[in-house]
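The two complexes that follow have subunit A in common; it is paired with subunit B in the first and with subunit C in the second.
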Partner chain A sequence: MASVTANRVDERLQQAPLLTRLLSRPELGAIAGTVLVFAFFAVVAGGSGMFSLKGVITFLEVSAQLGILAVFASLLMIAGEFDLSVGSMIGFAGVAIAIPVTLYGWPVWTAVLFAFGVAVLVGYVNGYITVKTGLPSFIVTLAGLFVLRGLTIGLTRLLTGRTQIPGIHKFSEGDWLAPLFGSDAFKGLFVWLAARGWIDTLPNGAPAVPGIPVSILWWLGLTAVATWVLLRTRFGNWIFACGGDKNAARNVGVPVDRVKIILFIGTACAAALFAAIQVLKFGSADTQRGLLKEFEAIIAVVIGGTLLTGGYGSAIGPAFGALIFGTVQMGIFYTGVDTDWFKVFVGVMVLVAVIFNNYIRKRMTEAR
Partner chain B sequence: MAPARPLIDVQDISKQFGSVIALSGVSMTVWPGEVHCLLGDNGAGKSTLIKTLSGVHQPSSGRILLDGEPILFNSPRDALDRGIATVFQDLAMIPLMSITRNFFMGREPTKGFGPFRRFDVETANRVAREEMQKIGIDVRDPSQAVGTLSGGERQCVAIARAVYFGAKVLILDEPTSALGVKQASVVLRYVAQARARNLGVIFISHNVHHAWAVGDKFTVLNRGKTLGTFDKSQITREQLLSMMAGGKELEQLGAELEEFARADAARAGGRESPLEAGAAAEAAIAATLRQEVAEDRELLEVERRRRH
Partner chain C sequence: MRKLASVLGAAALGVALSAAASAQEQIRIVMVTHGQAASGFWSVAKKGADDADADLADTVVEYRSPETFDMVTMAQLIEAAVASKPDGLAVSIPDADALGAAIKGAVAAGIPVVSLNSGSDVARDLGVMVHVGQTEFEAGEGGGEKMKALGVTKAACLNQEVGNVALDLRCEGFEKGLGVKPDIIATSIDPTEVKNAVTAYLTKNPDAQAIFILGSDPAMPAVEAVEGMGLIGKVKLATFDLSEGILEAVRDGKMEFAIDQQQYLQGYLPVVLLRLYKKFGLMPGADVLTGPGFVTKDNAADVIAWSAAGYR
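This part shows the complex of A and B:
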């Protein structure tokens, strides 16, 4: 009986035209945009080294760091909330790693765990205030944006007398947790490829690119996990429900407040991850790190097809949104165009994406 | 089959919001297998009463017995767990989510264990399709957004969901008020189905015709008090109508009804044949409703002449 029904479902599903089905996927716009952007730069910057291994790794790494933020920002936005404190949280988490290590001699791994602990707390506070007061999260986290940035600068100058904390590399060497954030993966493979002459090498025979930065693996891994959670778990269904209509969700027993608080903790932890990657890769922390990242993340999410009003979106879309963002940012550099024009492009792209998303939503709810 | 005790026994419920008395001393009983219509004009206290029954509000005084046991709900979820499901006017449906996701919202079936416990999408899709088919709505793809369904179909999904999850009492808040005649008859037919499954149904409406088509008992509320509960055999539509309207506004009502009837007649003229329209039952209910509107108009006309 069950199999008969299942077969019938399949039969009927095939009747839906391919285009209709594609159009109802939130990530379609971002994927189409990615193809366009790649085609554009392949023509304009094809010979500039942008698509050499080093160039590809570079724009993937830029995309990956933004992508990590965007995935979590997307989950939160689907649940109907924003987190504008993400950028400040990056700076805060960065000094939360750097100060204990350089000033108090903590092992790097404890400092990293400490930073994640701080992120959980900040996310919880953001979420708790938002759900308990019923204020728009836009305002609550806007306050967070200023408070956290102010704390970062104030505490850092109070404790170290400056706003930059360099020299973390000498502490992170040999630390067991640090390679998880600041290293390159598949180094052996790259050396082997270089030895065969299949990839570019430095004059001394070492590969020009030492490996795949772990941030790229984090990005892909988190996107995959978030997609699975969103589409294939109860929690994922609750995320959609919270953003779609929180009263309706509450009436059928969805723990709306808990879901939102968990997602605020998620965005704060994404910021801490971003901070850990940057601090351990570059060996320094800066109180200005993460400036404007909250908006870049929202841009990637919106380009990725998630609705600002919540209730609809994906985790894959924002990954492509971040890829577009990173590719354009680096691509403009490679084409030799003044990088001042980058922001104009980003602004126009956001507007086009939102108009497109709006059209999709209309199709979703009106077409039969 | 005569049940020994009512499913729900509301005893002398009062509810105040500050200085406003929304309900004062309301009592009613709901038995399994009956449709109990709660009628009343705007502000009569219908919404407060059902919100009290469904756990949104707590009564200021009086008590509610469920299967003979006194109960006090703290949230709609509490009431839901005890088998009282309310389909609110706003439907508790999320237009951008799929039928399946809406159907199982908050009660998703899962498979697997530990961190790999996941939403059993295949089972959910199959059940949603089957349940929708039972109520006569053929869904091609249960993963299509609820926003693509018509208003009546959405009501049916909400009701089907409540029934599937084992509701004993179904509270329907104005389920037909926003719907056209044909759409309304789809919902009414499903209400009759729920009754046949021995559920107790509380049907809130200010539309006497819809209520009369499915109701077994009628409780009329006016300004926070009951004007009484009546069996279908004890009362006539026109009595119910004049009770709801409070008598003095009868003439205005009569004029309104005429207007409705004209609109209905115009719509009926342009309708496709019942066979094309689909289920004959639907058409029959729709026809009854139209006829009732016409009868009411005549009765009111008589009443008006008598008063002059």
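This part shows the complex of A and C:
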């Protein structure tokens, strides 16, 4: 009797077969959805330039910018909270960079750090109010959405007399920190590839795209780091615990409030990063930047398999969610459909992707 | 099974769409503007583009605009347009910093580019072949000359967006046309504020003979203010851009004229120009001015009908 139990490994320690483990991951549905979306556009828009080098970089860049927001939004949603203020935070952080630079002559790098500082503060306030009042974060950050957008417009108009701040490029040239946000990577490699004719070129022989926009590298890097944190660290376990059962988590010693506040700071900083990328890449800031991004981020997270109720999700899923969203957003362009119908198309594609993703996940988790 | 059916459905739809897109060797022109779908002004410009698409059998026009006033999304739309290698690209340029790189990219890729509506001052630097639109200074100058002809010697510009360079240019042009430096009434677009500001200005300056309104938003509150003081006809009013209320005020003689930039042409003409460039290498040697067109009491009734039909 004793020898039998000794040979059997406790079932909690048992390793499920690799395939089963892969199939039960939250991001599986999103990956399947991505395949579906790519198949759709390969058929519909295969020859239209969407899958040329420039086309690919274009939709990857759109996906990357959304993906940066989505990764942090996903961590927060796994912990059971929402942040609806990220869209407004983008506009706010954008002018927080642009006004000090253009009006007061700050070096660009100090203005970028200042914007991140503001983001930490906003995230802390969002988180602190949410955990201290016990109000739904949906409401607290909805208030943040209005307050931040209003502050953005109000302060910008008060200080500059307008709502658009152009001309940042001439300040950011030569700044040591700016290339980290607004440049293209691997330029030399692209020139080299173009010279050999391995990638598309312009008529003058230069590569069709100058390089890989750094936003794509940020997206991949942050997704990798967030995945590692979620799956391999104590803090990652705390995040799941907060969203799973707050009280149980508290009872076993998880500092729920601290975890949530840190994650709110994370989403606000993601918004600041998004703003820095846009301001430094496009050389201007305006008060309308980031409009509706909070919902796009939530859509990407949900497509990515994270539950709206918290406690379940991943960081890779939202990356695929963002890829689906970005691909659809740019892809509709190549299908030749009138942009009046764009939102219908996006809405339907999103719904189809989520239903598909849900269906796959259900089947796989049941089959186990 | 159902999944299979939906995949097949998507594939079938895809084949149908791609077949429709590449039916013949057609001239494909993409127009990217900053006009939001809900804007009354821009739906007229879009109608111009749609009509050009319908009128020209060998030309396909794809009209794109971001859902919100978002220059970054607009730049990405231009990038996507370039990747799709159209025969011609028409763009509006409200923010040369944000859009400049994408437009230069289109030029570098060998795509002929025409700009429309905004961007007359930066178009050449970006490699744009020709600009189709109204130049603000000249439009203001035309308004000033008309006011001068009406015998006005003291006037004010009503500026509802202080700091908007385009509006400043309109008022500077007005000054040149009128030959007298106008006062400036600075307000927001809030109708109560506009009305009170105009009333206060006319009370303080009883010798003022005209108010030149720099946009359509504050026009009707200004008319109300002047009407409320019983000064219609004594204080001459004119405005930029059209609306139903403005047209009726012009028809009824409450306003002298409205300056129309005829944005239908801004949607229609770039398509024609790019098509002719593709076919025969033709391109005008100077920018195409779609405005100022003047709506006065004489033609206001016609314009009201055209406005209702979506052309003005």
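Here is the rule we use: the second predicted complex is superposed on the first by the 321 of 368 C-alpha atoms of A that agree within 3 Å, B and C clash if a C-alpha of one lies under 4 Å from a C-alpha of the other, contacts with A are read in each partner's own complex, and residues count from 1 in each chain.
Heads up, the rule we're going with is that contacts are C-beta pairs under 8 Å (C-beta built on N, C-alpha and C of every residue); 3 or more make two chains touch, one makes a residue touch a chain.
Here the structure is a predicted model, which is why all the values come from computation and not from measurement.
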Going by the contact rule set out at the top, does A:R250 touch subunit B (first), subunit C (second), both, or neither? first
Please indicate which partner A:R232 is in contact with in the superposed arrangement: first for subunit B, second for subunit C, both, or neither. first
In the superposed arrangement, which partner chain does A:F240 touch: subunit B (first), subunit C (second), both, or neither? first
Kindly classify A:F282 by the partners it touches after superposition: subunit B alone (first), subunit C alone (second), both, or neither? second
Going by the contact rule set out at the top, does A:Y312 touch subunit B (first), subunit C (second), both, or neither? first
Looking at A:G47 after the superposition, I want to know if it touches subunit B, subunit C, both of them or none. Which is it: first, second, both, neither? second
Show me the residue ranges of subunit A that touch subunit C in the complex, using the header's touch definition. 36, 39-40, 43-50, 52, 54-55, 58-59, 61-62, 157, 160-162, 164, 166-169, 202-204, 206, 208, 278, 282-284, 286, 288-289, 291-292, 330, 333-340, 342-343, 352, 356, 359
Complex interface listing, subunit B residues touching subunit A: 76-77, 80, 86, 88, 90-97, 101, 104-108, 110, 117-119, 121-122, 125-126, 129-130, 140-142, 145, 147-148
In their complex, what parts of subunit C are in touch with subunit A? 3, 6-7, 10-11, 13-15, 17-18, 20-22, 37, 60, 62-65, 67-72, 75-77, 79-85, 95-98, 100-101, 108-110, 162-164
For the complex, which residues does subunit A have touching subunit B? 2, 5-6, 9, 12-13, 15-16, 24, 228, 231-234, 236-238, 240-241, 244-245, 247-254, 307, 311-312, 361, 364-368
